[in-house]
Amino acid sequence: MSQAEPLRVGVVGLGAMGAEHVLALSEHVPGAQVVAVHDVDAHRAGEVAASVGARVAGSAEGLVADADVDAVVVASPDRTHAPLTLACLATGKPVLCEKPLGVSVAETAQVVAAEEAAGRRLVTVGFMRRFDPGYLELREAVLGGRVGEPVLVHCVHRNASPHPDATTEGVVGNSMVHELDILPWLTGLPVTGIEVRSPRSEGLREPQLAVVELGRVLATVEVSLSVRYGYDVRCEVVGTEGAVSLRPPARLDVARDGRAGVVVAADFRERFAEAYRAELAAWVAAAGRGGATGASAEDGHRATVVAAAGIESLSSGRRVAVPPG
Amino acid sequence: MSQAEPLRVGVVGLGAMGAEHVLALSEHVPGAQVVAVHDVDAHRAGEVAASVGARVAGSAEGLVADADVDAVVVASPDRTHAPLTLACLATGKPVLCEKPLGVSVAETAQVVAAEEAAGRRLVTVGFMRRFDPGYLELREAVLGGRVGEPVLVHCVHRNASPHPDATTEGVVGNSMVHELDILPWLTGLPVTGIEVRSPRSEGLREPQLAVVELGRVLATVEVSLSVRYGYDVRCEVVGTEGAVSLRPPARLDVARDGRAGVVVAADFRERFAEAYRAELAAWVAAAGRGGATGASAEDGHRATVVAAAGIESLSSGRRVAVPPG
Amino acid sequence: MSQAEPLRVGVVGLGAMGAEHVLALSEHVPGAQVVAVHDVDAHRAGEVAASVGARVAGSAEGLVADADVDAVVVASPDRTHAPLTLACLATGKPVLCEKPLGVSVAETAQVVAAEEAAGRRLVTVGFMRRFDPGYLELREAVLGGRVGEPVLVHCVHRNASPHPDATTEGVVGNSMVHELDILPWLTGLPVTGIEVRSPRSEGLREPQLAVVELGRVLATVEVSLSVRYGYDVRCEVVGTEGAVSLRPPARLDVARDGRAGVVVAADFRERFAEAYRAELAAWVAAAGRGGATGASAEDGHRATVVAAAGIESLSSGRRVAVPPG
Amino acid sequence: MSQAEPLRVGVVGLGAMGAEHVLALSEHVPGAQVVAVHDVDAHRAGEVAASVGARVAGSAEGLVADADVDAVVVASPDRTHAPLTLACLATGKPVLCEKPLGVSVAETAQVVAAEEAAGRRLVTVGFMRRFDPGYLELREAVLGGRVGEPVLVHCVHRNASPHPDATTEGVVGNSMVHELDILPWLTGLPVTGIEVRSPRSEGLREPQLAVVELGRVLATVEVSLSVRYGYDVRCEVVGTEGAVSLRPPARLDVARDGRAGVVVAADFRERFAEAYRAELAAWVAAAGRGGATGASAEDGHRATVVAAAGIESLSSGRRVAVPPG
């Protein structure tokens, strides 16, 4: 596989996620070069820039406008996602925007409209699970009819401990949103209704349990923030001919100290390291051709619509219908 | 373990379940002797009786009244459960009644009242899972705090194919009722609310998906009647310190024909063979002392109350509150 | 299952194994009554006797001769096994002798000859694995042709830490002897050769690794005494059509503290609790009819013959042929 | 990760393995371009060349000598491995030679000497398992002391059915050779002795069972060619503090047709697809810098020395000592 000129990438937001992306682009993804970075913390920006030989952009907007930046990764705080994605669209640059695509349905609708106006796909939303080898095999099995017609899906999404800034709405909008994106992708069916509840009625309301309707398919989604034992994501699809599920992704069995089994991933970065790299590689390849890959602006918008319905349900205690796209 | 005089048992109802009980009592359970059997099919009754040296009773009521019968197993059709159990109570005989204890809340309430009037426990309801070695270990782990305080429970209950007489209500009252009994037993908490739905809105409405509330604990229950691949019962409890679940009960791993793994049980009799035997053994021991074991009339009544709420929910499409006890 | 008069059992040797047998006979095995016990430690004998309402016999020989003892369990030190078994044969009493049947080939040959002279089977050797539900299923699968003709067997037999009295020869004669009994039982083929080695050339030579020949089948056996993590016994049979193996016998999966999997059994008593009970129950039933069950004197002799060949191999560093029976 | 000029690769031998390499280099490996191919079957060479835009070289020697070829992959029959590797060394070109490095100890010693004379590492031997993510994690665990000091290793290497050209010697030299390379790599210890046997004494002698000594560590190796159910490679390392093993690499659990578990890989190409790509990627990167990676000529020679000892053992029926390097 020979390469043409590398794609010159700018990265906005250098928190854990953004820094990881810079590292992955520099060390593991062919055909890319991180040429500019930005973060509100200028010191941090300087450090990261130095580590990969990039320059520090004075502002996010400046980075997007920079003529020497071919494509942009947006990993800054959620409220900046839609505005920066819109800025990229305005300059005609491919953008990989971390999920969620925006903090409101209005915002994400605006991104969809702007991309439509641009006349071609430029937006990729960072739903990295679509690039996880396990999820890809699962989808291939389901859509290939390996278990007949899908009837039920069970999703589990557990974190060891909550982020200090975690909010009840964020459990839906930042965590469950992964499942809200994956469910239609796995089944080929749009979400038509959602009901979310929690055993806790005050404070940080987690765990949350959702029942999601996708036409003739029903799904359960557990999102837990504080299971202590690690980061654990599971998915099973039950069909008319059988059932298929993700296996725990560990490569080793360890017997020690009276126990035998696997070591659980500590967090999402460890669990989805391969997915993030594959996502970046696919995005770099697509952006190099001026396009996009993975989850589209429409997919990102759709996930936000469903998440908003979920938040409404959690608050009202009732099922909320979701008009299909 | 030395034995006194064997308990003389009468068995009413010789369908698959009843015949299995007769066999187990004769071959695997110490201290019991099947002395009388009854079935509406007299020919079948004669065959079963002959196989174990019992006599055929002319009627269920006659069997219950027979002075040479110390204790009774009721395995006849559901609508006969409560009447026969009441008959046993009237004669002061220990009775093991297959679940459900009755076909209506009124019936099961009547049994509870009659036993209370009798002044001592005589009724055991056949929720055999309480005697399954796996469920027993799971309960011990949960109540012993192995995973902290329980927060969520996930139950799966799958059958290969529906019984020809299966009904939508029966999915709740005959199948899910096992989980409705096991959930409080596992957590020590009463059910306080239930919501049941199905992706199918007509015909035999299955699979069914329930969200069950037990105070601060939320549970999901999937009951499927037609997964084709076998009979599969699962249970996971998630707590504040970790999670614990039943492992598939197979004893062998088989690698053949391009696949490696376990053979799935064909049906509930195979899956719970050990539980049924342990249940009968415990019941014979308890009945020999004039008492009862396992699920009580109150437990059986409670499961019926929750099942009725579940059926109402399935029909109304809304959560139904269940007054605690 | 009704019972006749209980079998009056005497137990010689009240170490961990013997005390466990007394307990199991008293609490879990139908049709038996422990009426007499003996141990060189009279105080211990008194305690155990009191706990089950048995009397203390003044000597092992006295217990065997006692007219009120119908059958005998021999769980005293290895060097007493053959002499006490011979004493039982002399009085015509069924005897369950813990493995090994004797400490030399000469001894075990003498037992075989004595039983032959007695004209009927009275001896059962305590190879409890033959009653383990997993091994029974494995054997049924193998002999039933589930994986075609057997070609290879892999056995693993690990202990957490060595007994203080463990010896290099004892690793073969006391531990590996279980596999030396099970291999012919599983395959239906006699051992024809053995080679044993250890990575340690001095001190307590363990782990040991044996290659065992059973005609056209080859087997590997690992016996380790100090793996720290627990007691772990495995067995896989590879045949011309596939492979079948024992699954770890745990009933629960536990996720805690960054790990997910099973709790490993602490020792053989925990791992084979069910096997010991089933063995005792089968023995009581057989002894009640004046006979024996499980591994015969011939089986016990045969295992000793092969173990002796293994010890010779370990010492000489060469394969040792074993004349088939 | 930006790229310089792509490495121009020539591939000799376009059988299953070579064709796979051409495909992987063209589609999955960054920084490489297949510019020339050769096969004794000119028609096949033409097809493969056309599919990736390469030219067909008239002879293997011509391809090696071609000034427009920077580096060479040797995937032609075993007897050509050493001669072509020597040719590459003579021209100073990096070469990835499929295992085995040669068909005799004399040949592989010659390659080692030639590389030594060249003054720098140019040879990479295609022991792809060293690039398998599972084996890499296993090695890291073992060398990192996760299970204490290694004491035993158990390897299993099963094929569904033998290649039509399979020979008894080839079972050692072509199949078991993978384990003979991996064992020292995993433990950091050289092989010091080997004993190989088979339950079959004539015809194609397989399965084969080896006991391999690596100083204080003992290893068992099963190589089977005809297990029918699929391609299955396992490895467990037992240490002084516990045990660690490869998990089956499947990503999905499938429940269908009465069975639940994983789909077994069909062959080595499927099982080690990721390893082959990682190997090629690492080799292209190293060759681009004029060097080598993975298993060295010395490693390849060493594996051949041990395999020769194994073949001798199989024939003589005795353990064969291997002088450490």
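Here the chain labels run A, B, C and D in written order, and each chain numbers its own residues starting at 1.
Basically, a residue touches a chain if its C-beta (ideal position, glycine included) is under 8 Å from a C-beta of that chain, and two chains touch if they have at least 3 such contacts.
The structure presented is a predicted model; accordingly, all values stated were derived computationally and were not measured.
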Report summary line: Ranking A-B and A-D by C-beta pairs in contact puts on top A-D
**Report entry** Centre-to-centre distance between chain D and chain B (centres being mean Cα positions), rounded to whole Å
**Finding:** 57
Requested in this report: Could you tell me the distance, in whole angstrom, between the mean C-alpha positions of chain A and chain B?
Outcome: 44
Query - Approximate Å spacing (C-alpha centroids) for the pair chain A, chain D - result: 38
Query raised in the report: So which stretches of chain A touch two or more other chains?
Result: 227-229, 241-243, 253-257, 262
Report summary line: Among line, ring, star, complete and other, the chain touch graph is complete
**Report entry** Partner chain A, residues of chain C touching it in the complex
**Finding:** 227-230, 232, 248, 253-264, 266
Query raised in the report: chain D touches which residues of chain A in the complex?
Result: 1-3, 6, 25-33, 133-134, 137-138, 141, 146-147, 241-247, 249-257, 262
**Report entry** Residues of chain A that touch chain B when the two form their complex
**Finding:** 148, 151-152, 154, 156, 158, 197-200, 207, 209, 211, 213, 216-218, 220, 222, 224, 226-229, 238, 240-243
